[in-house]
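So, here's a batch of structures to check.
The following pair of complexes shares a single chain, chain A, combined with chain B in the former and chain C in the latter.
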Partner chain A sequence: MTRFTKILGTTLAVWLALAAAAAAATLTVSSNVLSAGNAAVSSCGVSSLTASRVVDNNGGITEVDVASIPLACQGQTLSVTLADTTGAALASYTTTLAGCTSTCAASFTGLGGTISAANLKYFSFALVGS
Partner chain B sequence: MSKIAKGLMKRKFLFATLLALTMFGAVYGFAATLSVSSNALSAGNATLPSCQTGSPTSSYGLAYDSTLGSTGGYKVSSVTVSGLSSPCASKTVSVVLTDASNAQLATGSATIPAGGGTVAISSLTGSAPAASVAGVQIAING
Partner chain C sequence: MRRLRPTPARIALLLAATVVAGLGTAFATTLSASSSKLWGGQQTLTKSTCTLNTAADTWVDQASPTTTHASGDLSVSDRGGSVREALVTFDLSSCGLPTTAGADSATLTLDLTSSTRSNHTISVYPVYSSWSPSTLTWNGLSGLTVDPTPTTTFASSAGTKTVTVTAQVDAAIKSGALWGWVLVDTAGPGTATSTFASAENSTSSRRPSLTVSYER
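Showing the complex of A and B:
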């Protein structure tokens, strides 16, 4: 092999390597999976609810009743919490609204009178669909 | 000029040409590499694929919080997302609960199990009073 052939070969090798380096600078972009969406969280039409309680002769609560719940709430789960003046929970109850006619109603009975009516300050309600 | 001198000149010309070509290649190669790194700007585009077909559905778990508002109340304690497609398995589903003004109330995320289906997000960051939640945003990323 002549000296000239060696120089030619080396030069071509260097040139090809540099050309490859230049090509590698082209940016390849890929992306991971991305799916997104949003939805409104609707209400069944409750703006406010009212509860009443039944008290035994010792001042203990034996029953809590919630009435006039919109018919659209049928099938949803009603949660009720009885709270004292500080907002601390005294007891919580849940039930699924069923058997509604023009409106829905729920009664929590057999509470045993263990909660003093004198301590009850607030009812808190929540309805959630399944 | 002698034959030997002519041959020598020809070889020198070829050598000079090859040297020039090599230097050009070197500059071209370095410049192409530099344009990405030195300017710190790279660009390209790609299609964002989606693994989800159909609309996932969210449902909510509630918990009473005595510190909510002035009298206590119910807040959303968990979000369950169902209807997730099987190709989304092992990817992350993120949920944001928003109020009526679209302000963020609480967020949470979880890894979608094998086969997709349903995933429960039981740890939420932030506080979402049940009465304030007006919207939910769901994103799947991975």
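Showing the complex of A and C:
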């Protein structure tokens, strides 16, 4: 093995090690995106969220409210998806958390009552910030 | 092309450049990761039904404005000088629902056992302030907060009457208080007196009931 080949091999080994480190960081990001369970990965301190909805007299949803969101989440984007028993999305609403006091809250109003509360099985939440 | 000789200085320079460039790549990726804060979660709703058969009910009479009628069947009348109105409510707390729960549907069932006329209109108005069967009188009725718009109306013919009260019960779950409804004879030829089975009726199936399908 020539001296040049040894140098080239060493250089490649260093590149591969650093690329692996970069790839590991990328994988961590991706796994956070995909973890839709209740594990908290956000730095704004959310461990779980609870939503409630308001209905009209026909049982149609007219409002969705999410309360008790940590103050540290102010400025982040909250998305709430309503899903039926099969997990199919019935509707999705998004807002930027603002005007928080001791905690943040989001209220989606004027929803029209077109979605029956009886069909609602899941609230799915996503908080995205920068 | 001129071939560079791999002197120790050149080797060291190449290795240093490689390390710096590689660290830069890794650090940039790390920055990208920490700049995007992400959280996802899901809330699964539990569906169930609660049926309340023990109503708190009474009726009040214009002709005896200071008398209570906490026991016996409920009387509703538009007879001049002796107007009668009936009130009924339920204790939602026995359903054990948190204030974050909600009603998917709610049905109030009443049994109109008899009426002197079947073509009068009975209107059902939501009540938004507290009252007690043991103390409410005709004079006390004016102190209650009653919705000016009826939830529904039905004819004064004998039989079972089902009233959809989803919105009011949903709101009551969230506020923690349900103050029920007042039944008023609001229209019809001549005068009529209608009788509804109360919580004290000897036939339990005729008593007022409230069925709530809820999520929590």
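Here, the second predicted complex is superposed on the first by the 87 of 130 C-alpha atoms of A that agree within 3 Å, B and C clash if a C-alpha of one lies under 4 Å from a C-alpha of the other, contacts with A are read in each partner's own complex, and residues count from 1 in each chain.
Simple rule for what comes next: a residue touches a chain if its C-beta (ideal position, glycine included) is under 8 Å from a C-beta of that chain, and two chains touch if they have at least 3 such contacts.
Everything quoted here is computed from the prediction, not taken from an experiment.
In the superposition on chain A, A:55 contacts chain C only, with no contact to chain B.
In the overlay built on the shared chain, the residue A:44 is in contact with chain C alone; chain B does not reach it. When the shared chain is aligned, chain B and chain C each come close enough to touch A:122. Contacts of A:130 after superposition: both chain B and chain C are touched.
By the document's definition of touching, of the two partners only chain B reaches A:89; chain C does not. In the superposition on chain A, A:114 makes contact with neither chain B nor chain C.
Within chain A, the residues touching chain B in one complex and chain C in the other are 4, 7, 11, 14-15, 17-19, 21-22, 25, 28-29, 32-33, 35-38, 40-41, 121-122, 124-126, 128-130. Considering their complex, residues 11, 14-15, 18-19, 21-22, 25-26, 28-33, 35-36, 42-52, 55-56, 58-62, 64, 66-74, 88, 91, 97, 130-131, 133-142 of chain B touch chain A.
Those residues of chain C that touch chain A in the shared complex are 6, 11, 14-15, 18-19, 22-23, 25-26, 28-30, 32-33, 35-45, 47, 99-105, 151, 164-168, 170-171, 174, 213, 215. Interface residues of chain A, counted against chain C in their complex, comprise 3-4, 7, 10-11, 14-15, 17-19, 21-22, 25-26, 28-29, 32-33, 35-38, 40-44, 46, 48-59, 76, 116-118, 120-130.
Interface residues of chain A, counted against chain B in their complex, comprise 4, 7-8, 11, 14-15, 17-19, 21-25, 27-41, 79, 81, 83, 86-89, 92, 121-122, 124-126, 128-130.
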